[in-house]
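Lettered A, B, C, D and E in written order, each chain numbered from 1.
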Amino acid sequence: DLVVPNLSYRTGPYAPGGVPYADGFQDYFTLLNERDGGIGGEIVQVPECETAYNTEKGVECYEATKGNNALAFNPLSTGITYQLIPKVTSDGSTLYTPGYGRTSASNGKVFSNVFNYPANYWTAASVAINYLLAENGGDLKGKKIALVYHNSSYGKEPIRTLEELSKKHGFELVQLPVEHPGQEQKSQWLQIRREKPDNVIMYGWGVMNAVAIQEAANIRYPMDQFIGIWWSGADHDVLPAGDGADGYKSLAMHGTGMDYPVYADMKKYVSDAGKGAGAGDQVGGVLYSRGMYAAMIIAEALRTAQEIAGTSQVTPAQVRDGFENLEITEERMEELGLPDFGQAFKATCEDHGGPGKARIQQWDATAKTWTLISGWIEPDMDVIQPLILEDSEAYAAENNIEHRCN
Amino acid sequence: MMPDTFFFAAEVMVNGLMAGIMYSLVALGFVLIFKASGIFNYAQGVLALFAALTLVGLQDGQIPFSHVINAIFGTDLHHFGWTLPAIVAIALTALVMVGMAIVIERYILKHLVNQEPIILFMATIGLAYFLEGFGDVLWGSDIKKLDVGLPQGVSETIENVTYNWFGYGFFIDKLDIVAALVAAALVIALTLFSQYTKYGRALRAVADDHQAALSVGISLRFIWVLVWSIAGFVALVAGIMWGSKSGVQFSLSLIALKALPVLMLGGFTSIPGAIVGGLIIGMGEKLFEFAIGPMIGGATENWFAYVLALLFLVFRPQGLFGEKIIERV
Amino acid sequence: MFYREAGDFKTTYSEDSQTFPIKFDRIRYYAVLAVAFGIIPFFINDYWANAVFVPFLIYAIAAIGLNILVGYCGQLSLGTGGFMAVGAYAVYKLMTAFPEVSIFIHVILAGGITAGVGVLFGLPSLRIKGFYLAVATLAAQFFLVWLFNKVPWFYNYSASGQISAPERDILGIVITGPDTTAAAKYLFCAVMLLLVAWLARNLTRGTIGRKWMAIRDMDIAAEIIGVNPLRAKLSAFAVSSFFIGIAGALFFAVYLGAAEVGESFGIQKSFLILFMVIIGGLGSIFGSLAGAAFLVLLPVFLKNVLVGGLGWPTDLAAHIELMIIGALIIIFLIAEPHGIAQLWRLAKEKLRLWPFPH
Amino acid sequence: MNIQNPDGYTTADGREIGGVMMEMKNITLRFGGVAAITDISFDIREGEIRAIIGPNGAGKSSMLNVISGFYVPQEGEVWFHGSRRPPMKPYQVAAQGIARTFQNIALFEGMTVLDNIMTGRLTQMKSGMLAQALWWGKAQAEETAHREKVEKVIDFLEIQHIRKTPVGRLPYGLKKRVELARALAAEPKLLLLDEPMAGMNVEEKEDMSRFILDVNDEFGTTIALIEHDMGVVMDLSDRVVVMDYGKKIGDGTPDEVRNNQAVIDAYLGVSHD
Amino acid sequence: MLDAPQTSDTLLDVNNIEVIYNHVILVLKGVSLTVPKGRITALLGGNGAGKTTTLKAISNLLHSERGEVTKGSISLKGKNIANRDPAEMVRNGVIQVMEGRHCFEHLTIEENLLTGAYTRTDGAGATAADLEMVYNYFPRLRERRKSQAGYTSGGEQQMCAMGRALMSRPEMILLDEPSMGLAPQLVEQIFEIVKAVNANEGVTFLLAEQNTNVALRYAHTGYILESGRVVMEGTAQELRENPDVKEFYLGMSDKGRRSFRDVRSYRRRKRWLA
């Protein structure tokens, strides 16, 4: 058997985000087990462990699950990720943090056991700006862009990138931190009402998203000028604001909705068979899709590892190699029943971060659906790459890490 | 530029006052229970969450414990298939809160008569843990939309009127206006109750000395059920207001933290104090964030509220309207 | 008649004021020490260290610290998380600025720095009392968290504001960083706890402890019989923060290895440690340990039983776990409001009589 | 009515009383509208037992609180050992050798009897915090030395058997005795007792009287005492101040006071013998 | 032994009760007493004898102190009252004035008095009349009626506690050390009031008192408690004349009252404890 623990959170302030993600993650492996008999003939076990988005419980879960030869960890929490980075590196297992975690971990020379492809916080910021550039005919000079962010290490991630980009493109950046949990944002939105920024970018999580969108609607901020990162673009973020949320945009790392062939199998082997995780009411939602996407990539990495190692019962070290040699192509996604679901990418020893592309989706309040309104947008790697280098080098220096891949 | 800044500051201030009222709604519940029993009720926030969850659950006809039932029996139950009118659901929820008050009295408070305040405080923490888990088991932990038909969004009337007067349209959220009206009504009613009825007097007597209250024949059990019911109702009101704003989910229970400085500033025992404290805190933190926040990096509201309360307390250690702490030997 | 204290006579006053005046207690205490230092280190693995022992030891240190302030001196504090953060960031700055100095010294210094901060935030306690005092400590809590989040100097200008502990050692034994062995972590924390408990015990049984308790029980009377309230309260804040700072330093450097201030040292931490102190027993060192054990072990235990043993879904288990912990807290308080320590004392009193009812 | 001899006098039973130790000059104390003490002057002499009596609410306890520095009078001066006492915090007053008991027992309920009495010696303890933390020789030696003193007091008041009992569990009378022990442990020059015998039966009052007399006799401690039991007051005290509604209505030897008409009207009702 | 009560009804009957605090501290070791209706019964005894505990056992306030009646029974008018709510006891006409006053500090004197009328249902008029009555008994309270009780002197608080109990129009008052801390005049006055209330309104009193002298002058019968046991009982007259009582509780020697100055020379032993 292969063991991929699911460090999830179904309680606490961030449970509404954690639940669908965990469901999607779990269901995808269930699908593989039920339909294909696992991966390479090995059943995948997904022991779930509740972290409550709490770093200590995260450590406990890690220790509790790692013993059974756990192959990859995906804790869906930046705080837990930071703690696990040294631990997995020392224990030789793998941390997979798509779209979250430590951005500079995409530098494989320094972070041997951490992977965060296909996109991360910094590329997200850059994609958003590139999208706005495209919208504005390639020119953001003199524009004012506000960043509303969760005042935690997660929310602060894009600041450096956006500052660099504002220098490059000549827009003005207004920073508006929101304190956890973000129930009360009056002053931030009054400020937005006053400053009338041309666009608002949001890095939020948990209840902060819903309140921000509600407040934006309250001050009648034009929703189509309001873009959230992919963590601020779930159904439960927009639903509470009702019609007011119509037109709200968010980044998307992957597709959403039930229009993928995989759902036919999902229905047949998982939900109809009564094997669905959780209450089963999250299927097809944004965060469910993301959990499924993460599971899919991990599954593919396991498959790659099996191919390289020539054995089905792979070890954590072999799985790490699988991650490092993973290639996801359009065709492969098609085969998996997820055509055009995510971006194609190929990992290398140096590059654990992927191309960092994203699409834009927009909320339709009457139909209550997200619609993809753009193709894959490239981030501005010229700006991001030096930042990644700088941060990872600092880490390497502080911890006496030797560079790999030479 | 100058008058614009002035108007904007005024707008921030007015909105601060409004936000303060939202805090006061939560603080009121604390005050009631403190007044009646000297208990600092840590569970007040969770109570609001629980009330809101129950309200939504009843309104949408959710099947209680469906989550557990489904897990055990492999069924797929979710809804009864009805939706109740808001007013009925609110009334039913209020009843549930009364039931809960009875249960709390019966299983917790009754056994802790005459204990030190910190012990009672701890018991309410236990209660908070329990209710948090129970609410989730009962109604599930997903985010829920609460809609009892309260208006939301900018009030156009005020915006237009102020625009005509000052050339600057003020932003005031309609929900905040409703909250202010409800809060005013609650405060008047509760003040009358505690000041002019014999139960009000009994309530204050209980807070001073449990045993002496017992000795004159005040039934602690009745008083506690009464006051926890009222506090439950206040929690429901707070839950409705905050839930309408942000949906009903766990974070709702964290609003208690916003109510703490309000409570301390106003005084633990004063109902009007909860409102005045709320106004001061709301206005103070918003203005500070507006004027000083940008210079020091923002997100100052949480700590500034406490620092503001602290400043007041240094001058009046019992809070603005709290009862004087009697120091004698 | 298991528990004897009759026939245990003392001939000097210093013998009478020793920590375990009763021989039976003394023997048991040495037995615990022998197990803690002689047996556990040889059997401990990563899971037991990281999930159970290390957090327990560190929380016990913090709980002793808070107990000095709340349990002995009667000053309610909800700033523990913030003070732990001071310890954590102090040790981080020291570790990165002076890599060659022993981590032991850093931890102690971090405690010292926290003591200073604690005194500063303790000043309002002169005027503000009871639950109202909580506001001062809450102000400390929120302000400190905000400060460490906002000022990049504290986290060495790292991109996200997270701090992570580099590898440091004592006499060549690695204590922090990913390659630390379970036994090293455990032993370091255990030694620190022993040290802290010993200091706390000495302080609380002597003059200064009596001053604190006098202030706690009746501050006015204490002042009238000659206790300077300013000095007494501030010294309690200092000592308490010193221990809490040590706990914070260990929590970050040894236990978590990386930390983000709002998440690791938020208000929830303050509450958690206060719960430990109250459940364990206010004004009791043993109670601090018992409370920490209760609140660290119980969730792990319940989780293992409900998820591991009974195979419940994790979310249901987590919710039920909350309910059980809540219910247990209430049951405990009803059974004995003065905490586990008092329960233990009463049990001893009963044992003394046993098997005779009276 | 005051005894005019500035250098002390000899009591009826032949004891020598010294000069003025403490003098209250024109003390006035108000709480908002309530005048608790109005323009009261009296003195306390070295070695005497001075009683303060008066109806309930007369301001007796308030007067002791003024002496302790807990209440600051609006007007008037306190003279101690011949010089005017500057405004002081209560703990500074305690350090000058003034100890007291309280009307509503103010023991530290969470501590044992022994610890309570040890707090009486706090003003004399010198060792620093670090020394105590490490329980170094000096701290330990000091602790033992003070413990010896305290044990003497415990023996003296005959409360050996409850040494290790938490005071919360003691009956009222014993609490009063422990409170006296705490005050005595400070080895005060001036001992203030606020109704030390309230709530006691005759037997216990006799015990208490014995202690008070012995303290006064053996250690030469000056005692100021408030008491409602006229038997006790008249038997024990050398001089008596009588207060009524915050005013002084009499001052003198027990005999003088007993026969003072104003005192009889306001307080005694019938003349006691 | 008791002559008078035999004829009148027994209001309260305490039958061999044992009380344990905190599950370990045994305080009452079998106390029995009867309180005849319409009479004043005194409960005497030294410190820690168990007087307060007995009263609390009757008013059912023990629970709130973690105490428990483990043996024996208490009946009021023939009905067992174990496990009754204290509030119910008040409604049944039994109210306790607690030792150490226990006024509601933050309430004014008048509000304190009014809480005494909490269980009454006979209307505001009757309450107001009784308030007037209490003020007439204790004029000092009228003066201070707007002050918070926490700021009044000890004696004023004692009056307030007494007055508060009277406000409930009780059938029986359990009075715990009413004389403690009161000026002599006031002690007489309070006992006069007790006597008057007893005579005029027929209220029964059970009073725990240290001041044996006064108590035995006003009570009809008395019990003497030592270390949780009843060691002597009888009419007030009998007790007053008992040589032991004289010696230990009244402070009388053969030559009249002993001076407190003369006590230092000897220690006594009570015969029944020897």
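Following the convention adopted for this analysis, a contact is a pair of C-beta atoms (placed from the backbone, for glycine too) under 8 Å apart; a residue touches a chain by one contact, two chains touch by 3 or more.
Molecules present, by chain and UniProt name: B, C = Branched-chain amino acid ABC transporter permease; D, E = ABC transporter ATP-binding protein.
It should be emphasised that the depicted structure is a prediction, and the values quoted were computed from it without experimental measurement.
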### Summary
Hop count on the shortest chain-contact route linking chain B and chain D comes to 1
### Message
Please tell me whether C-E or A-B has the greater number of C-beta pairs in contact.
### Response
A-B
### Message
Let me check something: if the centre of a chain is the mean of its CA atoms, which chain is farthest from chain B?
### Response
D
### Task
Determine the centre-to-centre distance between chain B and chain C, using the mean Cα coordinates as centres, and give it in whole Å.
32
### Task
Could you put a whole-Å number on the gap between the CA centroids of chain B and chain E?
45
### Summary
Per the C-alpha centroid definition, the whole-Å distance linking chain A and chain C comes out as 37
### Query
Measuring from the mean C-alpha position of chain A to the mean C-alpha position of chain E, what distance in angstrom results?
74
### Task
Indicate the residues of chain A shared as contacts by at least two other chains.
10-11, 15, 19, 151
### Query
What are the residues of chain B that contact at least two other chains?
67, 136, 141, 297, 299, 302, 328-329
#### Entry: Two or more partner chains touched - positions in chain E
151
### Chain pairs in mutual contact under the definition given at the outset
A-B, A-C, B-C, B-D, B-E, C-D, C-E, D-E
#### Entry: Residues of chain C that touch chain D when the two form their complex
12-14, 16-17, 199, 202-203, 206-208, 210-211, 213-214, 216-218, 220-229, 235, 239, 283
### Query
Which bits of chain A are touching chain C when the two form their complex?
8, 10-11, 15, 19, 48-50, 52, 54-56, 59-60, 62-64, 66-67, 78-79, 82-83, 85-87, 89-91, 102-104, 151-154, 156-157, 160, 180, 278, 387, 391, 394-395, 398-400
#### Entry: Residue ranges of chain C touching chain B (in the complex, touch as defined)
70, 76, 124, 127-132, 134-136, 138-139, 141-143, 145-146, 149-150, 220-221, 224, 267, 271, 275, 278-279, 282, 312-313, 315-316, 318-330, 333-334, 337-338
### Parts of chain B lying in touch with chain D, wherever the complex brings them together
329
### Task
Name, in rising order, each residue of chain E that touches chain C in their complex.
22-24, 26
